[in-house]
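Each structure below appears as structure tokens.
In the two assemblies presented below, subunit A is common to both, partnered first by subunit B and then by subunit C.
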Partner chain A sequence: MDIPRGNIIVMDRRRGKLRVGQGLIQGLKVVWDHWAGSFHKNENFSQIHGTFTVEYPDERLPLPQTYRNMPVLLYDDESGHELCTGCYQCQRICPPQVIHITQAKDPVTGKMVPAATEFIIEYDACMSCGFCAEVCPFDSIKMDHVYELSTADRVSLTMRKAQLNRPISYYASIAPDLWAEVQAGAMKKLQGSIKRRPDVIGLAAVLTEKIKARRLELAAAAAAAPAAAAPAPAAPAAPAAKLTPEEKAAKLAAMKATNANKGVAAPPAKAPVELSPADAKAAKLAAIKAANAAKQAGAAAPPAEVPAELPPTDAKAAKLAAIKAANAAKKAAEQGNSE
Partner chain B sequence: MLKTEELQINIGPQHPSTHGVFRMLVTVDGETITDLKPVFGYLHRNHEQLAEMNTYQQNMPYTDRLDYFNAMANNHAYAIAVEKLVGIEVPERAEYIRVLMVELTRILNHAGALGFLINDMGAWQTQLAFGMREREKILDLFESASGARLMCNYFRFGGVARDLPADFMPRLKDLLLAMPGFVDEMERLLRENEILLQRSEGIGILPQELALAYSVTGPVLRGSGVAYDIRKAEPYSIYDRFDFDVPVGSVGDVYDRILVRIEEMRQSKRIIEQIIEQLPDAQGGYMNPKARQNVRPPVGDVYARVETPKGELGFYLVSDGSTKPYRYKVRAPSFINLTPLGDMCRGYKVADVVVILGSIDIVMGEVDR
Partner chain C sequence: MQDVVNQVINTTFGWNWPSWAIALIGYLIVAVILFAIAPFQMLFLTLYERRAIARMQDRVGPNRVGPEGIFQPLADGVKIFTKEDIVPDAADHWVHFIAPCVVVAPTMFMFVVLPWGPGMVPVDLNIGLLFFFAISSVSAVGLLMAGWASSNKFALIGAMRAVAQMVSYEIPAVISLLALVLITGSLSIVDMISYQGGLFISSRDVASVPDWGLGWFIFTPVGFLAFVAFFIAALAEGERTPFDIPEADSEIVAGYMTEYSGMKFGLFYLAQYVLNFLLCAITSVIFFGGWQGPGVGWLYAQAITPVNPQGGWVFNVLAGVLGVVYFLSKTYFFFFVMVWIRGAFARLRIDQLMDFGWKFLIPLTLVNVISAAVWVALTKWGAADGLAFVEGWSPLVRWAVAFVVTLAMNLGAYLYLARIFAHSQAERERLDDEVLESLINVV
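Then we have the complex of A and B:
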């Protein structure tokens, strides 16, 4: 039989013709060489003797820039502007479907705003494939280099947006070349919508200047109208404000304010409606919110047990529970009113 | 002669020498094996059904998890299948990078597999540690190129995910400097070691006809003396551009399989040297810029196969014109190579079972899918 560009070699089963025992000694010599070599360090790839391990918790090998472990979200250092626009590309491509995004909505018009109010990645089920970072058109989601994530508590591996947010400078420090590539390629990705709304849409790498200018404008406008700042003291909005641009924070505050003004009955009733596109997590969140609202309304017991019933992965059940909670809350509110 | 009663024993599913969760139902007469039934399915992960629910693109990282020793080779087979189905061109440079990665995979697989085999024979960890060290160096290279050591997910339809980093080639050349020394050393340690000869010579013979009848592939088939290598028989990618030899055994026992694997590492090194020579002249980038990743292939089916370190890995895809495969079938070499285990073990001693199993070189992730 002939094969192209090569020969068939029939392996010779007795090449060295050593005498009995010599093969063993030859093998022992190899082991000896390795033992003797173990007193010096293996310097580079071309050596085959010497120790090649590091003492892990004390020493760590440098990671290559391309290394990928778990995805994180980037925001602009100075402005806190988050690059994510909630375009759902990453959620769609994620093979095990562990990304859950809630798109931000304009409270007045109800239209979609290019930002994500909530961004959940289930780290425990993420397969570190890197597809999300690859498809993100706004270079918002990137692969982190932190690999010591072990925990005994599975729930803590469901990461919320606040836990995922990292400044751009952090990513630029772990992968300088890759970030330089992003900056070089960012202009190419500029799309009409980004040009129109640089204040809200990502890609801050090339747009920081513009964003800064816009932010100054906004700040000036806010200062000019101190009355507008009045509803701001709503305390829970504060942590979110740290990471989002003022505009978003203001919107959030406005939303909260309107909700607060509507009185006790309104928010729980609204919860299931907001949920319609819901994934399980968002539904659960809403259920918890509803329960809390109900608690505030004065009726303590019935809704409080609802979140405990929730199987976290079952979207339908979660929705159902949310609706139940809302109803319970309504009832509670009615009772409260009648009293 | 004393009449003895036959006894059935289970080896596995939890057993350190079964390379995963794998059960062998062994019938022994004294020490001699009269029958052996391989029982698998303990690691079933619904891979194929899962793949039919995902898009073509989303399946790429799942192929890593088939034979987790050789993620790059699995990627290659799947990428070729989809490219054939859709009709995507792959630039020359990308082809070189692919073949380079796959040949590195072959070296690391054989280094590891031989280590595990010697481990099964009782040489606790010695050869395994030597093999693992070479494997680590290659994994370092994989990590710098693809971002991950084992689950590389490096191949894309129409190329690879990113170009080789700047420090890749110097490190690869360093590695190749060490490679002959490593393989020679391995050969010195194993080849004429009396203990190894005792445990492997004439053990687990798989005759040529039987190997062909079971459609065994890879080093196991070549160990039985059939010079069948898909890289030669049906050159895919750019394998027709390289000179390399196909080592075959003459008896078909465990020892022949060891020899074939050692020689295959040398041949892979030869291919890599040719790649290093030819890569700078290769046309095109690492990726076909026109290739879409979220493919929607025309209605039809395709079978594409490659020679992974373990044998013929094939993907059979049926497209109904949507973005998800209608049918996705994996022809896994470990699975098929495992089927003649009963015939290979019959008549040998029960202590030989783990050695024979080790010489097939299986990865349960691929056997059970």
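Then we have the complex of A and C:
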């Protein structure tokens, strides 16, 4: 049918052919058909008669991945490392201003470190706009799928960091495609960084000189006193008094980096076809750098500490681990620098 | 009920209580039963309507409270009882307070003459039908009281619409029943039911017809036209959907109920559903034989009755149960039809409502009264009344002739009036279309 735009279409309802009262009977017939057909359930939307009702508490529709309800924070499954750096981007953009962040500080120097000691979101006033998740540069704040949030009082909807923390694997399970996008984005960023500054991956330009100087200093120190006291290993998630979270993270990252290194670099033939040489190179490079940085920071990871139950060589996992390791190493280096 | 009480107290126990005490106890028991039944009918009908209309809209309806949601009305009742009662400052407090009672009381009175089964009528008034419709008009006073006392424009408009609608639609309702009163020659509702024994032909018109309890008035042309007119008028009186103008929520909030909350609102709701139940019940009683149905008449003939004191009490129970089942299934079917109409049709405008009532239904029912007179003349009159030529015909022939003549009269009247009415409506529509045309054909 050709429908010219801007004209009024007159539908032919065949009014002239209806006798008196016939239209009423037809209307009743339509309603009757719906009533009689409503005792079976519709399988799909091509069926006109029958109920579509999903009886909610008993049965639920699957939620789309992009469904968003309330923001949550992500942390790394294995290391317990929280992705949030306390950059305040989400707090600034939040339209109802329900996000409150307390920046973490080094207990010794009193300087700010890239982590949040407290992170509060008032769920009762949150409007689920998702701006916080959009602006987050570290992909640490994401929108959750949980929608049954009713409570008896308002206060229990004020969520603190411990209640907001979710493992990455949880987010990857509810929104696998979105998480894959995040990973791809991080990888692309890393590649760009490698191309621009092959020596200082992912570090701010102002820090590179400082780090170089610090590395030299540390090398000199290591040469002077070879017997450095190895710090006792602690549980990853628990806040330790001696080890700062950054140091721990660095150590763990170093372990992972070594693994990743082994997986990708040792047998180059094993690398999957879709992994471009540049990618592999970048991963290797990052891993090595991370390991070095971690070692230099004083938390050397002997190869014996490598966990035995490693998953089979997964190029992507290795890449990711490398990225993480690089980040952790960067942090560790910063830490060392500030000291 | 009194004979049963008398039987139990004076014969079984042998206490020899005076007859006034027996009468008092009997009436008390009946009153208690009726006042318990009315709210339960309302509770059931709310659920029934919600489930039925949900099905018509491809939904499931309330089914969470109890199996298939049967306790939903109880939950609603608890909710409405615990609601705060708000009276507007500007309201006329006393009238505002009394209005719900004035609306509810008449609907309760209407139960007095309603027969539930054979021999199961609270009071067999010889003017039962008159009582029924006279008392139902009283609730219009309550509606106007509610609208006036609320001092709210929507409430007042709603109340005035309600009164206008009830007053104009009581005329076709009563006139359509008048036709059947002419045929039965009695205003007693019990008499009207007993007239409807037989098999498609009432055994009072033709004595040789076997009594299967199926001689309903709906099978005669007079009864059919009266039924259609009465049911439409009942929809208007019960403020059901094509005629729910008094509480048109898209126009005037909730009509006369706007300023009511809590249980006062609940009373209006109760009155409305009880009234709807009663209108369905009276439809089934007068046009569909009430408790009449295959088997009830025979069972009741074997039972203990004033006519037959030697009967078996088992037959009383069986006849009662079967009669009530027939009666209630007919009643609930008509309530389903009300819901069905609600699901299918849109609300009329007030002018369309008045046009339809005064220009179509009333002339049609008036013609029906004349048809009923012809029916009575052809089936009952003889030489003494000036109709000597029917004397020689057998009852069946007289019935058949009456059927054909009244059918022709009613059909002719319907077609003629429908044509006139459609013509006048089409003329109005043509004017509307002309205006629309001039609006849309702007180049």
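In the analysis below, the second predicted complex is superposed on the first by the 172 of 339 C-alpha atoms of A that agree within 3 Å, B and C clash if a C-alpha of one lies under 4 Å from a C-alpha of the other, contacts with A are read in each partner's own complex, and residues count from 1 in each chain.
In this text, a residue touches a chain if its C-beta (ideal position, glycine included) is under 8 Å from a C-beta of that chain, and two chains touch if they have at least 3 such contacts.
Quantities reported herein were computed from a predicted structural model and do not represent experimental measurements.
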item: Partner chain(s) touched by A:G21 [first = subunit B, second = subunit C, both, neither]; value: both
item: Which superposed partner A:A152 touches (first subunit B, second subunit C, both, neither); value: neither
item: Which of subunit B and subunit C A:Y67 touches, first, second, both or neither; value: first
item: Contacts of A:S38 with subunit B and subunit C, given as first, second, both or neither; value: second
item: Partner chain(s) touched by A:A224 [first = subunit B, second = subunit C, both, neither]; value: neither
item: Touched partner set for A:C129, first subunit B, second subunit C, both or neither; value: first
item: First, second, both or neither for A:V30, with subunit B first and subunit C second; value: both
item: Partner chain in contact with A:F52 - subunit B first, subunit C second, else both or neither; value: both
item: Partner contacting more residues of subunit A (subunit B vs subunit C); value: B
item: Residues of subunit A contacting subunit B in one complex and subunit C in the other; value: 8, 20-21, 24, 27, 30-31, 34, 52
item: Subunit B-touching residues of subunit A, taken from the complex the two chains share; value: 1, 3-11, 13, 15-16, 18, 20-24, 26-27, 29-31, 33-34, 44-48, 52, 63-68, 93, 95, 127-131, 134, 143
item: Subunit B to subunit A touching residues, read off their complex; value: 54, 57-62, 126, 130, 133-134, 136-137, 143-148, 151, 153, 161-162, 165, 171, 174-175, 177-178, 181-182, 185, 188-195, 197, 201, 225, 227, 229, 232-233, 235, 240, 242-251, 255-256, 259-260, 263
item: Subunit C to subunit A touching residues, read off their complex; value: 52, 55-60, 63, 340-341, 343-345, 418-419, 421-422, 440
item: Touching residues (chain side subunit A, partner subunit C) in the complex; value: 8, 20-21, 24, 27-28, 30-32, 34-35, 37-39, 49-53, 55
